[in-house]
Every structure is written in C-alpha cells, then in structure tokens.
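The structures considered in this document are given below.
Each of the next two complexes has chain A plus one more chain, namely chain B in the first and chain C in the second.
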Partner chain A sequence: MNIKLALALSATAMLMGGTAMATDVKIGVLNDMSGVYADISGMGSVVAAQMAVEDFGAAEKGINVEIVSADHQNKPDVGSTITRQWYDQEGVDMIVDVPTSSVALAVSEITREKNKIHMNTGAGTTELTGPQCSPNTIHWLYDTYALAYGTGSAMVAEGGQTWFFITADYAFGHSLEQEASNVVTKAGGEVLGSVRHPFPGQDFSSFLLQAQSSGADVIGLANAGGDTINAVKQASEFGITQGGQDLAALLIFITDIHALGLQTAQGLVLTEPFYWNLNDGTREFAQRFGERHGGAMPTADHAGVYSAVTHYLKAVEATGGKETEALLGSMREIPADDPLLGPGEIQANGRKIHDMYLFRVKAPDASEGPWDYYETVATIPAAEAFKPVAESGCPLVN
Partner chain B sequence: MELREDVPAGSTAAIPHDDQGAGRLHMALFAVLLVLFAIAPMFFYPVFLMKVLCFALFAAAFNLLLGYGGLLSFGHAAFFGSASYISAYTAKVWGVTPEVSVILGAITAMILGVIVGSLAIRRTGIYMTMITLALAQMVYFVALQAPFTGGEDGIQSVPRRALFGVLAISPDRTFYYFVLIVVFAAVLLIYRIVHSPFGQVLKAIRENEARAISLGYRVQRYKLAVFVMSATLAGVAGATKALVFQLASLTDVYWTMSGEVVLMTLLGGMGTVFGPLVGAGLVVTLQNYFASFGAWVTIIQGVIFVIGVLLFREGIVGIIAKWIRRPL
Partner chain C sequence: MAPPPAEKVRTMFELLGIPPQALFGQLLLGLINGSFYALLSLGLAVIFGLLNIINFAHGAQYMMGAFVAWMLLNYIGIGYWWALILSPLIVGATGVIIERLMISRLYKLDHLYGLLLTFGLALIIQGLFRDQYGISGLPYQIPSQLAGGQNLGFMFLPNYRGWVVVASLVICLSTWYVIERTRLGAYLRAATENPTLVGAFGVNVPRMITLTYGFGVALAALAGVLAAPIYSVNPNMGADLIIVVFAVVVIGGMGSIMGAIITGFGLGLVEGLTRVFYPEASSVVIFVIMAIVLLVKPAGLFGREA
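Moving on to the complex of A and B:
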C-alpha cells in the first residue's frame, strides 16, 4: 500500500538538535493517479506535500513526517477501503487532497467516524461544508460556489451584463447553473436563458448556436471535465470569443487549458484560487516544484496540498502532539497564511477562505512561454468569495 | 472427421463425469473456504475481505448466466447498482434493518432482471449483449438524474443498523460475518441451481439450443429464468456492498462495473464453480494492494487479462481443473 517517502533524516537531526519530544505524524495523500484528475492532482500532490514538509523544517522541529499515497481511481468504494485501512491499520493521522466529490464525501464521513482529520483540496462539492459537513473535515481550496461566484460577480462588474448558460443535465450542472444565476442577478446582471445538454456531451454545436444567437454578453459553461473541453473546442470553431461574446467556464483547471492549447482556449474566463505566475512567492514555488515534477507547473490543487500540509504541521508544532481535537482547534486559531494562497481563515463549517482570482486565458502571441496562460482580471476578496457560513446549511453552525 | 481442431487434449470434454466424487470434492472445498474466510479477519483487513466476498458473489451470479446459461450480459452493473442504491436508500431514509434492505435491493434487481431479460433473450449473441448494455445505460442515466440517488455524490453515510432490529453488527468485524453468511448462502444456492435438473437443461441449451428445443424444452423460459436468477443474486451482492461501504455511487451502475465482472469471471474460469470467486479475489486484491502504484493498477490489470486470454483461456480454476482432471 505504501510508497514510503519517509524522511529518515529526522532521527539524526533530533539527536543533534536535542529536541525534547518527537512527534510522529503520518499524512496520506489520496487522489486520482490514473484517471481524469491525474494531472490536476496525482503524483504532483505527493511532491507538493513533500515540499511542504521540507520547507517547514519538520525534522528540525522534532516532527517525524511520513507521507503515504494511493490512487482511489475516482471510485468511492476503492477510496473508502483505502481510507479505512489507513486509519485502522497504518496509523495515518491526516488525509489530504481527494478529488471527486463522491470519494471526498465518503472519506469525510469515515474521518469523522474514526476521529481523524481530512483536509480536502481536490473536490468541489459544497456538500462538504454544507448539509454533510463534519468537524473533522476542512475544505481547504475551492468549491463550486466560489468558482461560480467569482466568475459571475466579477464578470458582471467587468460589464458582462447578460448571460446564457450551457448546462450539463445532471445534479452537479444544475446546481452550478443555479449558483451562478443567483450571483449574476444579485450583481445586477440578467440571465437570458439556458440550455441543457446530455451528460456526457459530444456535440455542442446546436447549444452553442443557441447561445450565440441569444446575443448574451457572456456564455457560461455549467459543466465539467470532458464536457467543458468539448464545448470550448467547438466554441473556438464557431469563433464565439472572436465574435465579441465572452466564454466563461465555471469549472476548469490550468491543466485543461494546457491540454486545449492557447489557440483554442484564448479569451476563456475562469476563476481559480491559485496561479503559478501570480507573484514572486508563487513563482519561486513553481520553479522548485517544476524541477521535481518533470517541468510541469503546479496546479491550484498542488498549491492547496502544500498550503494545507503546512498549516497542519504548524498546528502539530503548536500543540506538541497529534491529538485530533487539539489540532482542529489549533488549526482554527492559527491564522492561515502562506506564500501560495495568501492569508485566510477556517470558518465554523470547515470552509477555509482566501482570495480567489478571475483570469482570462491569453492569446497565443501574448504568451511568453510554456505555461504562461493567464492574465489576472480581478481579485475576489476572501470575505466575498465563499458562501456565507449562515447559508451553508451545515448543522454544526448555529 | 475432425470437426474442431482447436480442442486441446484433456479439455473439459475429457474430464470424467464422476458427479458424486466431484460433489464431495466441491463440498470439501466449500468447507475449507468457509473455514478460511471465518478465520481470515485475524490476518486480513475485514473491509477488504467483505469487498472480496461481495464481488465474489457478483461474479458467481454473473457466471451462472455466462458460464452455465451461455448468455453474455454486458449490463450486470444495472442490477448490482440499482440494488445497491435501493439498499442504501432504504437503510438510510426508511431506516430498515440490514436483512430487509438486502432483500429489497434483491427484489429491485429481480424486477429489473425480468424487464431487461425478457427483452434481451429475444435475440442471441452480440445482439443480446448490446441490448443488455443499452438497457443498463438507461439505468445509469436514471441513477444520474433521479433525485433520490444524490447524482454524482451518491448516497453517503448509510448506517449499519442492528440485524433483525436486535443484533448490533455495525463494527467491521461483526458485520463481516453477516456478509460471509449472506454470500456463502447465495453461492451455495448458485451451486445448487447449477447441479439441479434445471441446471442440466441450461447446459444443454448452452451446448445446443436447437436440440434442446427439439427435445421439447421451452428454451426461452429457461433463459429468462436464469437471467432473472442471475440478476437477483447480483442484486444481493450490490445491496450487501452498499452496506459494507456505507455508500452507493455511480461507480456501481456504470458500464465499467459490467466489464469488471466479465474480467473477474473470465480470469477465474468461466463455467467453473470456484472460478468467479478466485477471479474476484484476484481483481479486488490487485485494486486494493496495488493502489499505491497509481496509474499502474489499470495497466497491470490489463496485462494480466491479456496473459490470461492468451495462455489459459479456461481461466485459473479452469486450468487447474484440467490438470487434476476433475470439474471444479
């Protein structure tokens, strides 16, 4: 089960440093290593977790960290077996990452049952901090609300008054459209209409033509993964962004842009919590990450894993142990701040908040090199970017 | 005149049909298996063992249809998955006890089996397979869209209630024995079906349908009956699995699940009693213990399948049966 990436130096460091007591913690990186999210999370998350441990100087501080990782294949049953085994048999204290909503919810539930800690950076469902929230789960990076809100509000502020949605016809797509529509109307925009496409969708031409002829300023894609990629490709063939309309993807990652290429993706508007080329701190991290991960730039999820593991280790250092309640309390007390996601805090429902950014994908001639894809359009302040705690529907909040 | 050149010496045709001896051997093997599984939680992780058991039953139910009925269904995920959803839903929302939710799940799969089966068996071969696939995909879309399934999030945190309302079985180790009993009972039932006169007629239909018709058997009814039985037992497996993992999700109804059960059955040995159990054990172990190899899991699975198909087409148990010259 475990590729052991143990940091064996710690023992010697401890003897030399003469630290009073050593704490052994085991962190499990559980994600998709073979499927659709392998680029977004995958081995990159393991690298990010290792870097977090090294940068924190865990060994010098008397914390022995062991990192284990596994592939949940996007199957909740595989993920749940691994999670149980990690907690019951291998002594894992904290599980990080976990893309795919269904797996994340399963991991969150088991974590609560076993009274351990889950820091989720990979999944987008608002259920994790909503009706199915748990005191043991911290939703660290993003959720669909934040993405819809960021894109919706900032686009209206930028002058995108009228909207038309192309929505994947299942619960996820519907909720994404609903959240974005609410934001748009609240910000003073208008939703002209929407059309639902079957999931998974291959041919988007009729939906795109409908969206084009609606004359809306912004065409919102309320879908994910392969559907979004297909829609963006076909939109590029129809010359939608060149025709003056904005195309806004509500759930897309930098690896998707990398796969699509700038020629196809140019002009696309999207919200992400992190971009490697944002400031000096992110660039420095990205460069070190690239050296260890085959030249690829870190995704938001990789940055999230780094940030979450760092914060967890801060709490371990502060409490001097790994007692779950103490750690959870300490993580809520210590102000979250790191070079990647910036300052933030953890709310009562387990939602961690920080600034989000609205980006526009560059045109090929504006890009200065590989992975230079985004220009920043707007920064959405942490306080606004996420769903208000009172509206989350989390039973822990009263 | 040699009609089938590709039949290797000592193939199933050459295995002596000593039914009583075989029966005693099978019973002995079942007893050994039961004892092994009864003490297994001391050595292996119970949740992993429960997963093996659920998939073993799923593969055995599928093998009843493919191995003995000669009907290849590529839609068994529909029965497995729908039962898993119903079991999870009834346990969570209606608050029924485990045995009731398993039965309700199995009934759902049975009803679905009657519908899918009666349509599919009107055709044979690849056409039948495609019909089962198409209907199973419809079930998948229902699971995706219906409000009670929770869409792509699935039904989560399903409680394990007390058995019959009195026996607390929620810890993994205790629940394991509930699963063990359900699965063993179902597998023995399959064994009984296969070795009954009904099973003999099934094999006759598989070998030569025209001759079975000419002998006066109502072939369609036999086919439908075995289809429904297989669907129901797949449902038992799915319903139990939902309680094991305390969740039901789209993975269970997706077509890849139908593919996985074909893989397990072929790898273990189609048309053998123990083959599906071995195949399921192997595939689940691969998925579980190789999870840390990341992308290699699916590749290793594929390579093993290719090797299996090229080198031992009878499957692992099939080839052992050939060696010891006894049906297993």
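Moving on to the complex of A and C:
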C-alpha cells in the first residue's frame, strides 16, 4: 500500500521554446511521510527540494526538473520496491533524503547496482560511508560519528567524566552508543554501563532509574524521535537533572524540542549541522520555508535536502547532461557551498563534510518567540567534526 | 511455611546482581505502568463485556483524551484539573455519536465487523490528528500542585506518578463496584444477557448500551489525560499502547472487569521486573504470558468458560 504522491513541479515552465538542449532530470524524495520521522523529513523535504529547484533557477538554465515523492514507511522492503520502480520504470535520476538507516543502506545498494545517484540527508549510520560505502552514494548531512563526537567531547570537556547510556535496541542505537563510547573514552572519560530498551519505547522510568543509580555524570540517550522525547520528558519528571546528572540527547531534531517544550527541554546539549536562526541566510530560508509548510521551521534534514538538491543541479548545469559518472565527478569538483550548510567538500568515501554546531536549548525566559530554541555553544570545524576518511573502513579508499 | 530470613533474601538478590532497593523502585514503577494498563483494559472490558464489541479505536480515543486536554489548555486556557473532567466528557460524547451512527448497526453481526470498523476508525482518527498536529507531539506540563516528588529512600517518586496510581485504583474499583454491585450494573448485565426481556420491563436498552460505550470511551480519554504530562502526546501514542492492552485483556479474560483490573496492575509489575533482569525482553514478556495463558486457560485467568 504505497501511497505515492506524485508532485509534478511546474518549474519546467513553458518558456522552453528556445532552448534546444534542455536536460530533463527527475528527483525522487524518498522518506517517512506518516511515521515517527514524518516531521523531521516528510512533506517538508519535498517543499525544500522544490525551493532548491526554484532558487537555482533551473527552468531558466534549461533544466527541466520533476520531483516525485513516496513514503517508505521506515521499512527496507518498501523502500527497495519504490527505489527499483523509480529507477527502472519512472526514470528517476537521483534519490534524496531517506531517513532510517536500514532503508538508506538498501537504497544505496540498489542505486549502485543501477548506476544512479543517492544523496542521503536523513540517515545516521556511518556504514553508508564505511564498509558499505558506494561510489554512487553521497552522505550529505550528518552521521552518528559526527553527533557523538560533537556532544560527547563537549560534555567530557565540561567535566562529564562518567557516562551511562540508554540505548534503543536496534542497529542505529547500538551504533550511536558505540561511537559515543569511543569518543568518551578517547577524551579521557569512562562508560559505567548501558541499558537497552525495546524500540519503540513508551515508559523509560525504569531505565532512567537504573541510569540514576549508576551515579554517572552524564546520561547519554542513544535513541531518536518519540523515544528521545519520552525519555527527556520523564527524566525531567524524575528530577534527574536537578540531581546533578546531565542529559545528553545524541540525536535530537528541532521538531523534537518543539514537542517537548522549553520548560522540559531546557539545558539539553546537542549537535546539529543546521539551525534556522543561525545567520541571515538561514533565517531568510526558514521564513520562506515556513510560509509554504504551515509555519513550521525547517529541520536540519530539510536544510540538507535543499543543499543536496542545489549541489546536484550545479553539477547538472556544469556537465550539461545527466550522465552518472560525469555528475559524480563534477559534484566532487565543484566546491559545495550554500547559505544553509556553508562551505564543504565531498570526501573519497562519499562523506560530505561541513561545519557542525554544538547547541544548548534555551530556558523558556531566554527564548524570544516561537521556534527560538537554541543558543550556539561552539562551532565544530568540518575537518574535525567527521570521522577521518582513513578510519572509515570504506573499501573505495586506498 | 515460614518466610525466609532477611539475610537469605538479601543474598538471593545480590546473587542476581540487583540490590533490593533498586528492586523495590522498579516494582513501584511497574505498578504505575500497570495503572495505565488497568484503566485502558477496564474500558475495553466494559465495552466488550456489555456490548460484545472489540473496540480497536480505544487507543485512538486514549490519544484524543490527551489531545483534548492539550487543546483545552492552549485554545481556551483550561488547565489540567478541569481537563480531567471535561476531556473524558467530550471524547465520551464523540463515542456516543460513533455508537449511534455506526456501531449500533453491527450488534447482530460477527465480532469481526466491529473489530474492522473500530480499527478503521482508529486509523482515520490518527490520520486526521497527524495531518493537523504532526507526528512529533505536543508539550503538556505536569500541574504545579503535583510537581516535584518524594524521596522514599530507595527511590525518588514523582508526586505525579503517585497521583496516577491512586486515581487509577479509585476509578477502577468504583467502576467494578457500579457494574457488579449496584442495581444499575445489574440492569446492564441483564441487558447483555437478554435485551428483549429487559426491554419488556421498561428499560431503554439501546440508550443504556450507547451510554455504556460512551463511558468506556471516556475511561480511555481519562487515561489519556493522566498520560499527557508524562508521555509524549502524539497521534500514535495510543497505537503503541493498544496492542499491549489487548494482551492484558486477553490474559485477564475478555469481558471480565475484575480480571482486567488485576491483570493490568499485575502485568505492570511483571514488566517492571523484566526491565531489571533483562530489559531487552520487557516489551515481549506480556505476549509470552499471553501465549501461555491461552494454551493453559483459553478463557483467560478470570474469564468465564463459555
């Protein structure tokens, strides 16, 4: 039951009369339209992709862009079916977004087999640019290493020497816990223990109590979405932070903070590649985005989709066609730079790097209005924020 | 048999690697979760016992309870305590409408039709809320009177959780009392046994059944309001919980009021213990118990054999 929303984009325009050598490209936005990640990605990503096409002025440059989208329901089998159908029958050239690591790995595999392009902004696993890396996949936005590095090293530096993890019991949670443990021990901290909760979880009080009695300085939440929201909400109820323990949400998006409310979320430290209120460029984008997306501010994933689509179109313009090898080469040559993620580059393993930011959630009285949630604690330079290519374990790097 | 000496108990716990204090804390938490199971399964049991409808929309109605509490607060500034009364009334009223318009047409048909209808309704309700409010959820704070908590020595008990246990126990027991021990309850039970006969005595049976469904739905909404300050208020909050609650009802015995209450609290405790000894299995343990109970006693622990 794939509800496929085919959204034909009118950027193609009728002015095409004169341009004989127009290129037709079809971009597929594949993500979670109805489940736990629907606010983080969902229709907002489609809006972001459309804005990228319009802002790039694709039609004036002789590029006809059509955007299609579908719901992968966070299931690898559903995602694979859509991906094959898009590549084989519908002529999709590039798939963007794809949250949920298991689906992303499946899409990456098929993309390689069909020799197309996948620009992933939604998934967190470092496998995409590690052992399962592919010349056809660019991991655009973030990964578990970058998140763990940013939050982990900052908290240890602030005196959070001992850690206890509450981990979602599936591949993503394990990987996030592993990356964070490495960062903590490397920075001189110590991991006292961890507890794995079933996914998705509703009640975290037992796990929080175990974390509390461990006496660790920092309780690391290696989970996402509704699990993180529930855990943070209940941690506040059990007086965890008043008791002197810090809470570190390793993967949390601004829509999650919105759902928690500042009263509950205040003081949380987190790492993100993007925040709408960062500078004039991001604010301008966020305002236009909000007007088209029910007043909600863009998440990092939405910004990532915008940035990735923009870069892809630059390569289409530069090569004057859509031949996969040429595009992949061109995307690596053209310096990545846009108002949302700033300057960056694509590494040999397909990892795109850019600055990451360490934020702290504001207290309610420090917030100046709706969606004004973060204060910037530190900027983590691109070169430091991501896993060194040599350590990635990607077979393409030698 | 004499109870084992305290010394021995301690050694036993230490053998399992859990200090007794942590264990008591976890048991208490289990009891708190059990109160939600009990409240929700009670509503299901009332509806099934008296209407013979498997109300799959129960999770969605629990979610509506929480959302209505949020709407009351954010749109007209009505706080938690009034929401505790108003939200079940409002959601219960929607239940009455649903019963009159749709469910009442299904009483003569197989259980499956009721199940399919309410399941479809649940999907529609969740879809509408998701479309309007998104998936991440909405913030709802603990009322100031119940903020903070007590240090019990072995654990920090938030006041709000204590309140949830007390409220749930009071509601569960009074519902049981009304249905099993009063004249009104006797009418209700009689009407399910033989509606024609009870109707002949001058009792308006269809209206009684409608109100019963409304009451069951209101119980779900009440659980939703109780849950709003501690769980994420999102359109899927009930969908995540309802499967577990159905397992509770099946274990307790479909339609048994006391069975639903006792198994609700009991399974909360079992789940709490599992979280200490093998957390990974804590979401499965209830279903394992369900399978065993169905094999040994298919009507459930407290169910009347058909």
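The definition used in the following text is that the second predicted complex is superposed on the first by the 356 of 398 C-alpha atoms of A that agree within 3 Å, B and C clash if a C-alpha of one lies under 4 Å from a C-alpha of the other, contacts with A are read in each partner's own complex, and residues count from 1 in each chain.
In this section, contacts are C-beta pairs under 8 Å (C-beta built on N, C-alpha and C of every residue); 3 or more make two chains touch, one makes a residue touch a chain.
Since the structure is predicted, the reported quantities are computational estimates derived from the model, not experimental observations.
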Quiz item: So, A:Glu127: does it touch chain B (first), chain C (second), both, or neither?
Solution: first
Quiz item: Which holds for A:Gln210: it touches chain B only (first), chain C only (second), both, or neither?
Solution: second
Practice problem: In the overlay, answer first, second, both or neither for which of chain B and chain C A:Asn136 touches. | Solution: neither
Practice problem: In the overlay, answer first, second, both or neither for which of chain B and chain C A:Leu105 touches. | Solution: first
Practice problem: Mind working out whether A:Ser69 is in touch with chain B, chain C, both or neither, as first, second, both or neither? | Solution: first
Quiz prompt | Which superposed partner A:Ser307 touches (first chain B, second chain C, both, neither) | solution = neither
Exercise. Once the structures are superposed on A, label A:Arg84 by its partner contacts, choosing first (chain B), second (chain C), both or neither.
Key: first
Quiz item: Touching A:Ser181 in the superposition: chain B (first), chain C (second), both, neither?
Solution: neither
Quiz item: Does chain B (first) or chain C (second) touch A:Gln202, or do both, or does neither?
Solution: second
Exercise. List the residues of chain A that touch chain B in one complex and chain C in the other.
Key: 34, 38, 42, 169
Quiz item: Along chain B, where are the residues that touch chain A in the complex?
Solution: 45, 47-48, 51, 144-145, 150-154, 156-157, 172, 241, 245-247, 249-252, 287-289, 291-298
Quiz item: Which positions of chain C touch chain A when the two form their complex?
Solution: 22, 25-26, 29-30, 32-33, 127, 130, 134-142, 148-149, 155-156, 158, 160-161, 229-234, 236-237, 240-241, 272, 275-276, 279-280, 282-284
Self-check item: chain A to chain C touching residues, read off their complex
Solution: 34-40, 42, 169, 195-198, 200-203, 205-207, 209-210, 212-213, 225-226, 229-230, 233-234, 237-239, 243, 255-256, 258-261, 263-264, 296
Self-check item: Residue numbers on chain A that touch chain B, as the complex places them
Solution: 1-3, 33-34, 38, 42-43, 68-78, 80-82, 84-85, 88-89, 101-102, 105-106, 109, 125, 127, 132, 169-172, 199
